[in-house]
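The structure under discussion appears below in the form of structure tokens.
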């Protein structure tokens, strides 16, 4: 049975109301197209987990998809505040659960490796640990010192955008690899969105580059430009002006509503979205090549 | 100050009697030349740690360098028994400390990540845990189930053979990457042996391939064919016939003594060793190329 | 009447236990041959994982060690050893593990560590390698072993990896991820655990007898009510093994 | 008399704290500029690490986010986020961490989480990100902040990351790897911890006064006996910042 789905079918089949979703990617490869499709399909009561919620979760919260966010840095990266998530939290409309980056990523690491928890050295900061009872202490059984632990995070669905994969979902990523691998292994279901679907001989020409094996993948969706306004290393640049504009847009509910109406509900899919962005934007985000040196695996 | 040393100088400077040594590499990239140099320099009372001691530690134990081995599989890989280590253990001449592979590698993972220990799910096997008091149990503070832990392993010196690195020791490996990264990060001192020293522009053309950063490296030694009779992916094949012959050689102390006299003490360095192996062996171990596809990082 | 060696018989019967799509944690030798045979017959989508960190290997030649470079070239993915044990095996992404050992006891526990006392061993064996974890966490395990009395004692000298411990209930109480050994393929027949976890004879190979099985087992071997007869190795299976997978007969020659 | 903005002053003084060969956990904005300035002046062998997992970045353009693609192209190494925090920071491979926050208190503790109560915040800030671990585990930390009374309270509303807690002895008792904040660079001067871990004024920038410093600090600021005067930004430093590193003056324009 083929794993290749149109993105809308993959979201329809694998993302349920109330699910814990991890849309992976630290600044890089953020699967915006998948989030927009979730908004279009009007999913509700989601728990949205990401180290950095980024604009994607701001938009999903604005659209009413979420009942809770789990995060470690809630900002508009490089710009400032993440206005909508912040306002909803301040207004008491949105549950939240908060970690440091390492706490968040350690939760995923535990989930991905089948461990019930992950230890971390103490930081002595204390206050966040007091506020979040998921932080616990145990005692190192060798020297008797305290160690901090966080429990495994196991998303219902991980959504991971990649540069290239084959039809089975064997996926290669380069550039910032953030927590993509951990999110995929930790999750129950894995949706891969990809810039390109390539022949498996290309994947097999460089197995050390493959971060996610196809047999843990449930759906493969061909979605070029999925990551805009985030970026895909080697394919297109980050649209920094969009991040700046969002700081303005997100100041009023009305302008956010307009944005969603035009750019999410108002387009059928990512292809239409990308075309709508127009040639100037396409041109602005183009990247000139800088190629890796080949390596020799040898024929054995 | 340059980090580039002749291998003999690096061993002289960084390997002391009594040190805990981790010569890394799971079957692949085993730094035989470094072990031979340690034998030539008559180091004593070493603690030799490796998941798979392999022929290298068999030879080092035979030469009288070791007082203890730490391991998880003590065999001649693909052939059978590791006769010398086994005989010395059976005779009570050699201390040992034993784990499963995951226990051993978890110890390195803890050492490499600065944790005092690493948790693992229980295996219920029990007997090894009874015999090795480094295995402990703690209780998962979330659901109250037992978890097994092993303490961090922090070698005094890690020796890691790589395909290529630059003058600073920024190192790239492909093929089986075993526990090279973990050994390097866990250790106090790191000696890199390398098939090639390349310009840093080659390393920087593909940063996702770099497994060990130069700033944790103490010595960089250019040692082509360092891994023989093990192999270097893409550079030369494993000398399987050597592994078979060792099964014979290691049956008697006399033949081991002769082997060491001729192939370790009897040669100055790896270059002489490789020349002595002769053209037929060189030819037999040659590898025809199989190249990776290039990728595009983009010029930003 | 087709002739075959004992390793061929073991390999072919092991291969038949594999299902299409299985993700298998493979060792070199017979398990590797069994997986490659299954891929060429009824299980083309089998995924082979090696403890060295190789995922989805497609070896072009017979691998002679667990870290043979032929496993890497053309594989789907390569990761570190910590990752293959943690992200794949411990996480529950491995369907099948193959195990062997110097001793296998009545409840499928395995000894790969020592004969005699641990501190003063009569015979020091290689040790666990990955088998302690494979036995616990692979969804199902298969054991391949020649059928000899010294290899099948009532109780192992040292429990390197868990079968059903002293009873299936004891393994269940330990809440391990995997279901334990599902079959032991020997050169006489196939042993499988009953409700208590005790290994009983469930199938005989052609021309083998219950008496042979009993005589070569170190406990009082019980026989399944519906004792089966395995199908003899087919010409096709033998041809693939002999001509494609191990033409030099490195692992397949008889005499073990 | 050279003119400069407040961000330029902060950046240049932060750069001067770095030593050649330092491995620095960098944030975007002023810390990134400070590191790149140091690399072009007295610390050519500085290694920049970003929490996104980029090691030894050589950005060809000004990075506008912590995960800017220009950090990757031409870097020495890229690893996952778990790895950069575990193998680099927690393991003790980071010499210097840069920190900032909405509040910095008398003992160098930082608040980047909330103003007001945690459960019902008056202002919800972005939160820790990596700063909880950087403050604990980088060998030394530097804080960059505009000098305003609301930013320097006696005690932070929420302790996101540890300075000296309530006293240097308390931090020492916690046996953290890092030595804590070594300097706070403000637009008035430099604060450094005394033996008790209390931040005291150790240097003033040109034309700034002790009175200004005291008036803009939320506790009774003590003044070091040997109060120093920082060297004014040099033409060369300003030229590198303005012409090479941030020609569009995205981070360097005044008015903060």
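Letters A, B, C and D mark the chains as written, and numbering starts fresh at 1 in each.
One rule holds for everything that comes next: a contact is a pair of C-beta atoms (placed from the backbone, for glycine too) under 8 Å apart; a residue touches a chain by one contact, two chains touch by 3 or more.
Note that the structure is a prediction, hence the values are computed from the model and not measured.
Peer 1: For the interfaces A-D and B-D, which has the higher count of C-beta pairs in contact?
Peer 2: A-D
Peer 1: Between chain A and chain D, what's the gap in Å when you average each chain's C-alpha atoms?
Peer 2: About 28 Å, centre to centre.
Peer 1: Find the geometric centre of each of chain A and chain C from their Cα atoms only, then give the gap between the two centres in Å, rounded to an integer.
Peer 2: About 40 Å separates the centre of chain A from that of chain C.
Peer 1: Between chain C and chain D, what distance separates the C-alpha centroids? Give it in angstrom.
Peer 2: Here the centre of chain D sits 57 Å away from the centre of chain C.
Peer 1: Do you know which chain B residues sit against two or more other chains?
Peer 2: 114-115, 120-121, 145, 174-175, 177, 181, 208, 233, 237, 287, 290, 297-300
Peer 1: At least two other chains touched by the same residue of chain C: list those residues.
Peer 2: 54, 68-69, 72-74, 78, 86, 90, 137, 177
Peer 1: Pairs of chains that touch, anyone?
Peer 2: A-B, A-C, A-D, B-C, B-D
Peer 1: Considering only the defined contacts, which chain A positions touch chain C in the complex?
Peer 2: 112-115, 170, 181, 185, 200, 203-204, 207-208, 210-211, 213-216, 297-300
Peer 1: Which of the residues in chain D end up touching chain A in this complex?
Peer 2: Chain D residues touching chain A: 28-29, 51-54, 64-69, 71-74, 78-82, 85-86, 89-90, 109, 113, 118-121, 123-124, 126-133, 135-137, 158-162, 165, 171, 174-177.
Peer 1: Under the definition above, what is the set of chain A residues touching chain B in their complex?
Peer 2: Residues 114-121, 136-143, 145, 147, 149, 151, 163, 172, 174-175, 177, 202, 205-206, 208-209, 233-235, 237, 287-300.
Peer 1: Which part of chain B faces chain C closely enough to touch in the complex?
Peer 2: Chain B reaches chain C through residues 26-28, 51-52, 71-75, 77-78, 81-82, 86, 89-90, 92, 98-103, 105-106, 108-109, 120-128, 131, 145, 174-182, 231, 233, 237-238, 240, 243, 287, 290.
Peer 1: Could you list, by residue number, the parts of chain C that touch chain A in their complex?
Peer 2: Residues of chain C touching chain A: 21, 23, 47, 54-56, 58, 60-61, 68-70, 72-78, 86-87, 90-93, 137, 177.
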